[in-house]
Structure formats: structure tokens, C-alpha cells
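These are the structures, in C-alpha cells.
What follows is chain A paired twice: with chain B in the first complex and chain C in the second.
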Partner chain A sequence: MELRKYIGRRLVQVVIIFFVILTVLFLLFRLAPGDPVSRMVDPDMTPEDAHRLKVELGLDKPLGIQYLVYLKNFFTGHFGYSFHYGEPVVNIIWSRLPNTVLLFTTSIILSALVGIFLGKIASWHKGKKTDSILTIGALVTHTLFLPWLALIMIWLFSYKFGWFPITGMISEDVWLDPDSGFIAKSLDVMYHMVLPLSTLFLIHFGAYLLIMRSSMLETLKEDYILTARAKGLEEKVIRDHHAAPNAALPVVTSVGLSLAFSINGGALTETVFTWPGIGRELVFSVSQNDYPLAQASFLLIAAVVLVSNVVVDVLYAYLDPRIRY
Partner chain B sequence: MVSSASMMKLYKMKGKIMEQRPQRASCRWLLVWAYAAMLFSGLLLAGSGVSAGETLKIGILEEPKTLNVWRATDAWSNKVLGLLYQPLYVRDPKTLELIPWLAAEQPFFDEKDLSYTVKLRPAKWSDGTELTSEDVAFTGNFINEFKVPEDYSKWDFISKIETPDKQTVKFYLKEPQATFLTRTLTTPIVQKKEWVDRIEAAKKTEKPLGTLLNEKIDSPVSSGPFILKEWREGSYLFLQKNPRFFGTGQKIQGRLLGPYIDGVIFKLFGTSDAAILALKKGTIDMFWWGVQPGYMEDLRANPDIELFQNEKSSLYYMGFNVRKPPFNDPNLRRAIATLVDEDFIIKRILQGYGVKMHSIVPSGNAFWYCPDVPKYGEGLDREGRIKKAFDILRQAGYTWQTAPVEASGKVVNGDGIRLPDGSPMEKFTILTPPADYDPHRAMCGMMMQEWLRMLGIPAYSKPMAFGALLQQVKARHEFDAFVLGYGNLSLDPDYLRNFFLSSNDKPNGWNMSGYNNPEFDKIADGSAKALDRDKRQALIWEMQKIVMRDVPYLPLYNPNLIEAVQKGRFTGWVQMLGGIGNLWTFCELKPAK
Partner chain C sequence: MKSIAAKGDLRDPMTVRERFPLLNSFLDGWSIFKQSLLGRIGLVLLILFALMAVCSYIPPLIDPMYNPMTGVDPAITCCTPPGMRHWLGTDFMGRDILSQLLAGARVAFMVGISAAVMSIVLGVAIGMTAGYMGRFIDTLLMRLADMIMVMPTLLVVLILAAVFGQLNIWTIVLIIALFRWPGVSRIIRGQTLSLKQRPFIEAAKVAGASHSRIIFQHIMPNVLPLAFLFMTFRVTSAIITEAALAFLGFGDPGTVSWGMMLQWVWKTGHMFKAPYWLLPPGICISLITLSFYMLGRAMDEVLDPRLRKEDQTD
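Then we have the complex of A and B:
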């Protein structure tokens, strides 16, 4: 019952925060310098033509009216048309989102699994060579500059060795071939995914490793570990079944929020690897003053992150019976 | 989220139910497969099933924003649409003269009723229907009725379009208009059948123009050498040879047209680095974007790469706010023009890949470029420039606390400059785009700051986000000086009139400097109405002389366009002003034997 009350209270908070974000987003974009029409610097377009375009985009109306239209659009689930593409914003987001989710969610899950596993090993061998190698390795890869690493990966594995395609998500040779079926196309996507996924993995797994390692070191000092040893349990059993599940709890919050943010994609990764995801689109829409597309993308991220926060808190209580709201 | 929770569950289960190992393993696999199936389901749409064959693969850096020809204002959409929708007249690659394309011959002008008659050659749309005068009239009428922002200024002086027969179009003009041939008749023609229903439907909506601009065009009906076969957004766009292209087998301007290739694939790359690696690797045959000087050494050394260097029709310049001091004084502008060393800019900033600009019209646009304009500081070294600029200002009444040129002729750092009325010259800013947007322009701003300070002129270069810069300069007119540019100027020099006409000095107008000269206005208006080409040339030359005398804009440079292709894959690249990516190339390119 208490949990239900807690969830209810949190959801009310979420709605209020979301409404604030909705308004702040609207104002932020309008206060930013420039407008979508002033970017069209073709000397053939007269100021009168440019004004007509503004009227068509609804940018001639007072800010208050624009805000009301924005709210109406939001509540009717119609986020308007992108100024740049002239397509419904929802279509653009839905066409990019699966690509982002595919790459980034996979990378986070993979990084978390490997990070947790290696963190466990590192903490178990604290102060030994294994620990040093893993910890230093994690620190080094985690602090690498992503675009640099991405370019090095492309240069080495795609250009020099020729093992992987030079960027992109699909190969036109496969997708234009009438004989290519579901399997061939799926394999093609996976083949293209290897390099971006490896890059993201290298950058991210270190963080999980370090969190897991420190959490595990704390857990190993607990009394129940001593009890387990006193019972004469095998070291492997103590590590994997008594310490690790408890130590992994803080990682859950981190993984949960990372998964939520993964729909945001990564503008740098998507740009360097020409991955047609939402991150690149988001940055592009902001730089082009494409208000409808930028607003809708940010709102989507805000909604997912807010809801995930609640879910992570609830999940935490489920995973750790000691935590009660 | 679900998967991590499942993972945690698995940890717990592992501690408690050791004997259930086989079920747990299968459960894990089930999760993995369900996850994979879910993610791939959104991706796998049926392919169109075409073979690539002898296909030209082109690397591009941005996707076309739309295939709706009325909305396409970006370079990338126009690169693709230029191969689909065709105009009545195009430019000859060598002479840049207008030559008949969809038209059969040069237009016939009737002075009495101010009309032009254009005969069409037999041509078909890609859907098999005939391209007729109805389509041409429809295109013009549609633009005028809906006032399509991008095209309206090219057609608003047309009073009536008649179609005496299927192959003849007659345009009646409200008044003589020099740009009719160069801009109106080079507008791409659309198929009436493709748009007529859409227009009727749009008329019933609240915003008919907005509705049409937002219309999604999935399969444009083409009259060009290619047709759209498939566009997989975010990855590639495939154009296939149009078997109904009117030019196939025809000789136009002595060129026997194909296309001789099966198709063109535009392949998207997120960065120039990746595109150039793909070109070197042979994944693409051409990179349709200017190669930056930083890549040149590497590409020149590569035996598989061929480079083409062409002039662009572009203008990069410094603009002054002539509405207020200190730049309301032409002497100061002339002195600055003398100080600015274009040779240095070309050699050091552009690393030799560019040409100096003496006038607003690029020299590559040979017919309209006036070679006889004042060339400030030409042939002088730095000291010579400072002395000359000092002389100009001293004669105009400027004074210094420390003059930049001593009585002995020695050049020192000037300080404390005062305007002719005795007041000190206030600090002023030269606004430039930021270095990440355009390093050349940002660097030019910094160099100019240093050159001006040598004369004691308190200049400060200030990079500013592009959107903010435009708003400051174009909308609000709150600036002293700026560096901007046009990367793709039209070949018709009418922009010269637009840039400096006093009536265009208004918020968001093209006269950003606020130049106001009745003498110029008169000649400019005359040039817009001059139908005789030679007469118009004389007026355009006169306008250039006036502008370069008064220097509201100081032209700085015109960067060369360097394009790279794979050597030995295709032959027949046609070079012209603006590079090898032109209609002629796509009609003449052949696979190498």
C-alpha cells in the first residue's frame, strides 16, 4: 500500500516537472538567436517571400499564441511539421528511434554485463596484478575521446584491414539485391554495427567496472560474507552468489538511467559512424532552429528519463527487500 | 531496463535454485532472441530489388531534406532534384551561355506585346506521358498563384502564359525583365498531372501553401536523365537511368548525351574523414563536396585518386555598416581596402586554393565581371599598404596621437586615431562566423583586426554563432563590420542590384550595409530592365565600378572548388564553373573500359 502511495506521489511530481520542461523548452528555443527563415540566405528570396514563409510556419504569431498552439499540438499528440524536412515530426522520430535504440541499448547492456563481471573479478583480486590491469584498462578506455577512438577504429579496421564497412548502417549492395532476404539484411546491419558497438563498449564498460568494483569491495566487508566463509562455503560461491548480487545493486541505478538516456543516442557516435539515429538529428534540428523537431525530441527524452527514474526507484525496492518507501 | 532487471533476477536465482541450470540457460537465450527480434522488426522493410550494375557511387555529407521541389532550398536536395526536374534552358559548361534544353531553340522575343515564345522539343515524363506546354504553363501559374517563396521573384512579372499548341509556350511580361531568360526560364518544370490533385486538395486547407510545402513526394515524376528508384533515409538514395530521357542519343552543343551509366547512388557519410577514406578505399567513386586543403597532400600522393580544381561562383567579403560612423566615410573604407592583403589571405589562409576578388562579381563569370574596377593596394607590400592607407586617411582629415608613418617615412604602430571632426574613433567589431563553422572567415577577421591596428584603427574581430550573426547584421542592422559569404551565387549578376539597392535597406533586406546611392539605384534599375545583353553588360560593369569606388562591401576571396574522384572507374567528367558535379557530367560519364 505504501509503495502504491509512493508511486502515485512520484507520478504527480513527474507530471509537474514535465510541464515545467515543456514550457522551458518552448522558451529556450524561441530565445535562442536566429530563426529558421533567416538561415535561408539565398539572395533570390526577397524579404516579402521570407515573411510569407514565416507566416506559413506560424512564426509571425505572438509568442503566447505560438505557445498555445504548441500545447494544443502536444495534447493532441501531433507535434507539428519539421521546418527543415516538412514532414510530421512524429514520423521523423519514429524512423530514427529504432536505429538509436538498437545501437545504444545493446552497447549499454553489453558494457554493463561485462563491466559487472570484470568489476567482480577485479575486486576479488584487489591489489593484485589482475586488479591493476583491469582498473587501469577501465580508466584508460573510459577517458578516451570518443570521436578520436571512433576514427581510429574506422581507419584501422575498415580502411587498413578492410574487415568492416566504412561507416553506415546498411550496405546498398545487400539491400538493393533482390535475392537478399531477412537473414542477409539482418546480418548486414549486425556487420555494420560491430565497429560502433565496439567503440561504445570500450568507452562505457570501464564505468560499470569501476562502480561494481568499489561496491563489491564494500560488500566483501559485510558480516554475512564472514558468516559465509565461517560456514566453509567455497570462495567462488561466496563471490558469485553472496557478494555479487548485493554489490550489483548500485549498478542497477546507473544502468537504468543509462538505458533511459540511450534513446538520446549520441550525436558524436552517430555522426562519425553515419548511424541514422536520433542523436544526430537532435543536434541538427537545434542548429537549424527546427523548433518542432527539437522540442519533440527533447520532450521524448525528458519523458523517458522521468519515468525511468520512478521505475528504477521501484525496481530498487523490489531487488533489495531492505528498502521500503 | 527489463534486461538488466532480468539479469539481477538471474543473479538471485543462481544463489537459490542451483539445480535449475538448463531452464535458466534456455530462458536467457529466449530473452536474447526476443530482444533481437524486437529491435530488427522496425528495420526490415522490403528492399526494392534492383541491381546496381555500372552505377556511380557518390559520397555526400548531408541527406537531401526533401524531394518536394517547392520546399528544396538546400544544396543537397537540389543536387538530386537537378537530375530529375529539368528546366527549359541550361548553361553551356564552357561559355556559360544559356542553351535550349527542354526548349528546342532560343526564345523568340516580340517587342510589341512584350512576349517571349518558346518552342519545346519532344520529351516525355518518366511515367510515359508527354511533356507539353501545359506543364510549363502550369509550373509558372502555380508559382504565381501560390507565391512560392523560393521562386516567386522569378515569375511575379509574368502577366499571362499561353499555350497555342502542345509544343509552344508564350510568356507575356508586365514589364521588361532582364532576368527572365536567366532565372525564369531556368526554373525546373514540373508535371501538371503530378501536382494538380495535390493543389486542389491543398486549396481546401487553412494554409494551402504550407500544405503543399509539407507534401511528401516519394516518387517524383522525372524529365531528367535519372529517376528515383529508392531512398533509404539515413543511408543511401538510388537513382536509376531514365529510359525515357529526351536527351538520350541527342547531340546538344556538340555533346552526345547518355546517360551511359545505369544509375547513381548517393551514399551518406557523417564526416569528410569517413567519405575520403571511402573514396581512397574505392567504396565510392566520387565525393561531391569541396576537399579541404588539409587532405590535399595525401590525396595528391594517391595514384588511385584524380583531383579536379575549378572556380566557384561565390563571394566572400567584408561588409561595412555605412549608416553610421566610422564607416559612413568612404575614405575609411578605401583605406581599409588598401590595408587588406588578399594575396596573404589566398596564400596563407586558403593555402593557395582560391582566387582574389577585385569585384563583387567573380572573375570566372567572365561576361559579367568588370576587369576595370579600382584595385586597392595591388602590388604593394605591407609597408607600402600602410603608407598608402595613411595618405588616404590623412588627406580626408584623420589625425593621430602617434601617426603610423613618421615624417622620415618610417612605419611605426599608429595610435589614437581621430575622425575628421576631431572625435576619437570608437572601438568597433568585425563580426565573423565562428571557426568551427568556417575557419577561413574567422581567420580573415583576425588578420584584418591586426592589419587595421597597425594603422591605429581600434578593430576587434568577434566570432559569433551564425544564426545570431545573421540576425544582428541582416535583421537588426546592429553592427560595425562583418565577414560573410555566398557559396553559390547565381550566374546572373542581378544580385549586384539586390545587395546595394537603397530600397533593399530594410530589416531582413539584402542591402545589409545600408548603401544608399541614387546614381547606383538608377543604373541598377536600368540593368534589371535591359533586355539587350550587351547593353546590360555595360550597366552591370558600371555598377561594379561604383560599388568598388564606394566599397560598401570589400570582396576578399573566392575559394577554388577541389573535387576528388576514383581514377580509372569512369571517364567524361565535365568541368565548369562550380565543379564537376553538373548535369553534363551525369549525361556524359561513361564506365572506363
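Then we have the complex of A and C:
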């Protein structure tokens, strides 16, 4: 019951924050030097089309009315047309969203699980060689510069060894072939996902490993671990069933806290591997001066970040019964 | 007066330590820091990078063709592998990669340290205000911090670049600082809240100390070491953000940063042909991040007694 109240309160907060972001973006757009019309209206349009779009976006009205039109357009899903694709922005970002979610959630879950597992092992062998290797390995991979790591991955595994495709998410011959079924298509996507996924994994698992290690060391000092030892339980049981589940909780929090960092990394990875996701679309649209698309991609990413934060907090409350809101 | 009498004994190290509590805690910290292997490695690496930054002024003096941005070797038109004339080779325009790498170190320090200092000053000021004032101001500032904290800085800078067009290096630094204070301010707020309850603050209040005296004389010295620790992490995040931005092609076109070098390799399609050009900037960014990170972890040990060696006996 309390948890439900807490979720409700957090969601109200998310809505307020999102409103603030919407408003700030609106104001920035109007306050920026230059003509806002030229930013929203494709320079290649005919004057009649341009005028129609201007009216639709309310760019010919006073600021207050413009803001209302902007909000109305937002809630009815009118983000304008992408200059580059010439399609409604909504269609573009909806088609990119699943690709981003696929790559992103897989990489986060994989790196958190491996990080937790290796962190447990490092803490168990504290001060020994295993621990040093794992800790230093985690530090080094975590601090690698992500775009550079991505380029090295492509250089090594796609160019030198030729094991994986250089870019993209699908091979056209597989997808255009009417005979290839769902399994063949999924395998094709997975094949393309190996390099971007490994890049994100290498960058992220180290952070989780280090957090798990130190949290595990703290947990092992707790009284209930002493009790478990006094009962004569096996060390393995103590480690895996008594210490690890509690020690893993801070990792969940850190997934939430590092979400912004991970999203940046996701956008960079998508760009280098030309993975057709939202992050790449944002980078691409900014470089093409495609403002409507840039704005919509940014808002979608902001919404995803805000909601995921709530999800992580709720997950934490669910996992740790000691937390009461 | 006692303080005047003590002046005569300045040569006695104990008295110096007693007279300067900050120096004293610094020396204590240093002796713990010295024991940390990670901290020593990090410090040595950082000194090397600082030397690189200082040396970046030398190559253009030797010959104008070594200027990282505009220097073009007249004998070369395309990128060439390392040789006697160009120790790390040249890029696609015949510019010397080594001098670019040295100039990149200067940009990295400039961006990292200025953004970190700004965000720490902002974070400490906001954190102390929130913690000390409490109530409405506290709630307002912390909700603002929550909001900014979840925003991915790189993408925020990108959308600002979409609105304002090309950003110069100082604007980028400023934006990074404006979006990177919340983490610090939360920690400082917590620290301020706990300090506020301590007897010595009560005593100062009873003695009639003003708010500003309590904040600057009693609270600030106690939260500064923590802020300093955060600075090392802020430096790395600023360097990475700038590098990533430059890599994506939205950096300041007038500066030669390591991110910019990677962008040139990537965009001109030389990454498969010229590993001698692809490797150095990436190694530098990764190593400077690593060294600040190691420094931060070693300082963490200094500041957090629970992490120190002595309780590693169990």
C-alpha cells in the first residue's frame, strides 16, 4: 500500500519534471538567436507548404499562444516533419525506439549480472591475485574511452578478422528474402548486435564489479554473517545465499544513478556502429540541422530516463523489504 | 598573546602543523595516500600528462610545420606512418600527430579542471545552502538537483548545439559545469546537515556567530576535503564529455583535442589504414581518465577511514 503511494508520488514528480523540460526547451528555442521559423520549417519547402506548417505549429502567434499550441502538438503527437527524411517525426522515432531498447536493456542487464558475479568472486578472494586482476581489469575497461573502444572493436573484429559486420543492424539479403523466418531474422540481428553489445558491456561491467566488491566486503562484516558462520554453514552457502543478495542491492541503485552515463554511451555506440536507434538519430539530426527530429528524440530520451529512474527505485524497494517509503 | 609567542617556534614542525590545521590534515592524508599503489600510479601518470601539456608549446617553436592546427608539412600531402621527421606520423593534411597529441593534453587539462572547479564551487555552494537553510529552499534546490542529475550531459549539450549552433570550448565547459553539480551538492548537503547538529556549531551559535561565519568558518572547512575528492571524478567526466562531443563533430573547431583527433580519423575514413593515428588519442583519453580515477579512489581511502588498510585484517 505504501509502495503504491510512493510510486504515485514519484510518477507525479516525473510528470512535473517532464513539463519543466518541455518548457525549457520551448523557451530556449524561442530565445536562441536567429529565426525560429527557419529552424522548424524545411528550407526546401514551397512557400505555401511552409506557411501551412507555420500555422500548424503556431509560429505566427504571440509567445503565450505558441506555448499552448506547442503543448497541444506535443500531446497529440505532432512534432512536425523531419527535414532529412521528409516523414512525420513521430513515425521515425517510434520505429527507432525498439532498437535502442533492445541494445540498451540487454547491455545493462548483462553487465550488471556479470559485474555482480565477478564482484562477488573478487571480494571472496580479497587481497589475492584473483582480486587484483579483477579489480584492475574493471578499472581499466571502465575508463576506456567508449567511441575509441568501438572503433578498435570494428578495426579488430570486423576489419582484421572479418568475423562481424562493420555496421548496421540487419543484412538486407536476409530480410528481403521471403523464405527467411523469424528465427533467421533474429539470429541476423543478434549477429549484428555482438560488437555494439560487447562494447557497452566492457565499459559498464567494471563499475558494477567494483560496487559489488566493496558492498560485499561491507556485508561480510554484518552480524548475521557471523551467525551463519557460527551455525557452521558452508562458506559457499554464506557467500551465495546470505551475503550476495544483500550486497547486490547497491548495484541496483547504481544502475539507476549511472543511467545518464549509460544513455550517453548508448548514443555514442549507436552512432559508431550505425545502429538505427534514438541516440544515433539525435546525433545525426543535430549534425543535419534537423531540429524537429532532434527535439523529439531528445524529449523521448528524457522521458525514458525519467521513467527508468522510477522503475529502478521501485525495483529497489521491492528487492529490499527493509526499505519503507 | 599566545599566537605571537608561537610565531617564534615556526621551525618546529609540530607547531607548524598545529598552526595550520588544513596543512596538518593534508600531511596526514598524504601519508595514507602514499601507501596506496593505485594513487601513486595515478599521480605519476598525471604528472606525465602535465609534462605533455607543458611540452605542447615546444614543437611549433621548432618549425611552423609542427603547429598542431595549421602546420602542414610541405613535403607531405597525405597521412604518413611514423618516421624521423614526424615521430608519430602525420594526419590526412600532413599535420604532425605528436604535436596534436601534446596540444590535446593541454586542452584536456584546461577543460577538465575548469569545468570541475566550476561545478564543485556550484555544488558546494548549493549543497551548503540547502543543508543549512533547510525547509523550502532545501526542497527546491534538491528537486532541481534531482532533475538535472538524471539528464545525460552529452545529449543535453547536443540539443543545445541544435538550438544555438556551433558552441565554442568555453561554452561547452560552462554547460558541463552547469549540469554536473548535483552529485556534489547532494553529498555536501548531507554532510552539512550532520554538521549542523554537532555541539561545536551549537556553541558557535550561542557565542553569537553570524550565519556567514558559521558557514564559512565552521562548516566549509569540514566539507571541503569531500568536495576535493569529487573534483577528481568531475575532471574525468568533463574530459570525457568534451572528447565525446568533439568525436561526434560538435566540438570547438578551433581547438585540437584528443576527441577531435579521433573524429578526424573516423570521418576521413583512415581508421583501417592508419592505426598509428587511431591509437594514440584514444590511449591518452583512456589513460588520463584512468589516472584521475585511481587518484580519486586513493583519496577515497584517505577520507573514508573504513576503507583503510588497518581494518583489512579480517
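One rule holds in what follows: the second predicted complex is superposed on the first by the 259 of 325 C-alpha atoms of A that agree within 3 Å, B and C clash if a C-alpha of one lies under 4 Å from a C-alpha of the other, contacts with A are read in each partner's own complex, and residues count from 1 in each chain.
Note that a residue touches a chain if its C-beta (ideal position, glycine included) is under 8 Å from a C-beta of that chain, and two chains touch if they have at least 3 such contacts.
None of these values were measured; they are calculated from a predicted model.
**Q** Once chain A of both complexes is superposed, is A:K221 in touch with chain B (first), chain C (second), both, or neither?
**A** Touch partner of A:K221: chain C, not chain B.
**Q** Applying the touch criterion given at the start, work out whether A:V194 contacts chain B, chain C, both or neither, answering first, second, both or neither.
**A** Once the two structures are laid over each other on A, A:V194 reaches no partner at all.
**Q** Applying the touch criterion given at the start, work out whether A:L259 contacts chain B, chain C, both or neither, answering first, second, both or neither.
**A** In the superposed model, A:L259 contacts both chain B and chain C.
**Q** Between chain B (first) and chain C (second), which, if any, makes contact with A:A32: first, second, both or neither?
**A** After superposition on chain A, A:A32 lies in contact with both partners, chain B and chain C.
**Q** Per the contact definition in the header, classify A:L139: touching chain B only (first), chain C only (second), both, or neither.
**A** The answer is second: A:L139 touches chain C but not chain B.
**Q** Once the shared chain is lined up, is A:L110 touching chain B (first), chain C (second), both, or neither of them?
**A** Neither: A:L110 stays clear of chain B and chain C.
**Q** Is A:Y159 contacted by the first partner chain B, the second partner chain C, both or neither?
**A** In the superposition, A:Y159 contacts both chain B and chain C.
**Q** On the A-aligned overlay, A:A294 touches which partner chain: chain B = first, chain C = second, or both, or neither?
**A** Only chain C; A:A294 stays clear of chain B.
**Q** Once the two complexes are aligned on chain A, which partner has more residues of chain A within touching range, chain B or chain C?
**A** B
**Q** Once the shared chain is lined up, is A:L151 touching chain B (first), chain C (second), both, or neither of them?
**A** both
**Q** Name the residues of chain A shared by its contacts with chain B and its contacts with chain C.
**A** Touching chain B in the first complex and chain C in the second, residues 32-34, 39, 151, 154-155, 159, 259-260, 271-272, 289 of chain A appear in both lists.
**Q** In their shared complex, at which residues does chain B touch chain A?
**A** It is residues 1, 3-5, 7-8, 11-12, 14-15, 39-40, 42-44, 47-52, 57, 65-66, 68, 71, 73, 147, 149-150, 152-154, 183, 207, 209-210, 213-216, 230, 232-236, 238, 265, 267-271, 273-274, 277-278, 280-281, 283, 465-468, 470-472, 474-475, 486, 489-490, 495, 498-499, 504, 506-510 of chain B that touch chain A.
**Q** Spell out the residues on chain A that touch chain C in their complex, using ranges where they run on.
**A** That would be residues 13, 17, 20-21, 25, 28-29, 32-34, 39, 126-127, 139-140, 142-149, 151-152, 154-155, 159, 214, 220-221, 257, 259-261, 263-264, 267-268, 271-272, 279, 282-283, 285-287, 289, 291, 294-295, 298, 301-302, 305-306, 309 of chain A.
**Q** So in the complex, the part of chain A that touches chain B is made up of which residues?
**A** Touch list, chain A to chain B: 32-35, 38-47, 49-53, 56-57, 81, 84-87, 95-96, 98-99, 101-102, 105-106, 109, 112-113, 151, 154-155, 158-159, 162, 165-170, 172-173, 175-178, 180, 182, 185-186, 189, 240-242, 244-245, 248, 252, 255-256, 259-260, 270-276, 280, 289, 308, 311-312, 315, 319.
**Q** Touching residues of chain C toward chain A in the complex: what are they?
**A** Per the stated touch rule, the residues are 38, 143, 146-147, 149-155, 158-165, 236, 240-241, 243-244, 247-250, 262, 265-266, 271-272, 275, 278, 281-282, 285-286, 289-290, 293-294, 297, 307, 312, 314.
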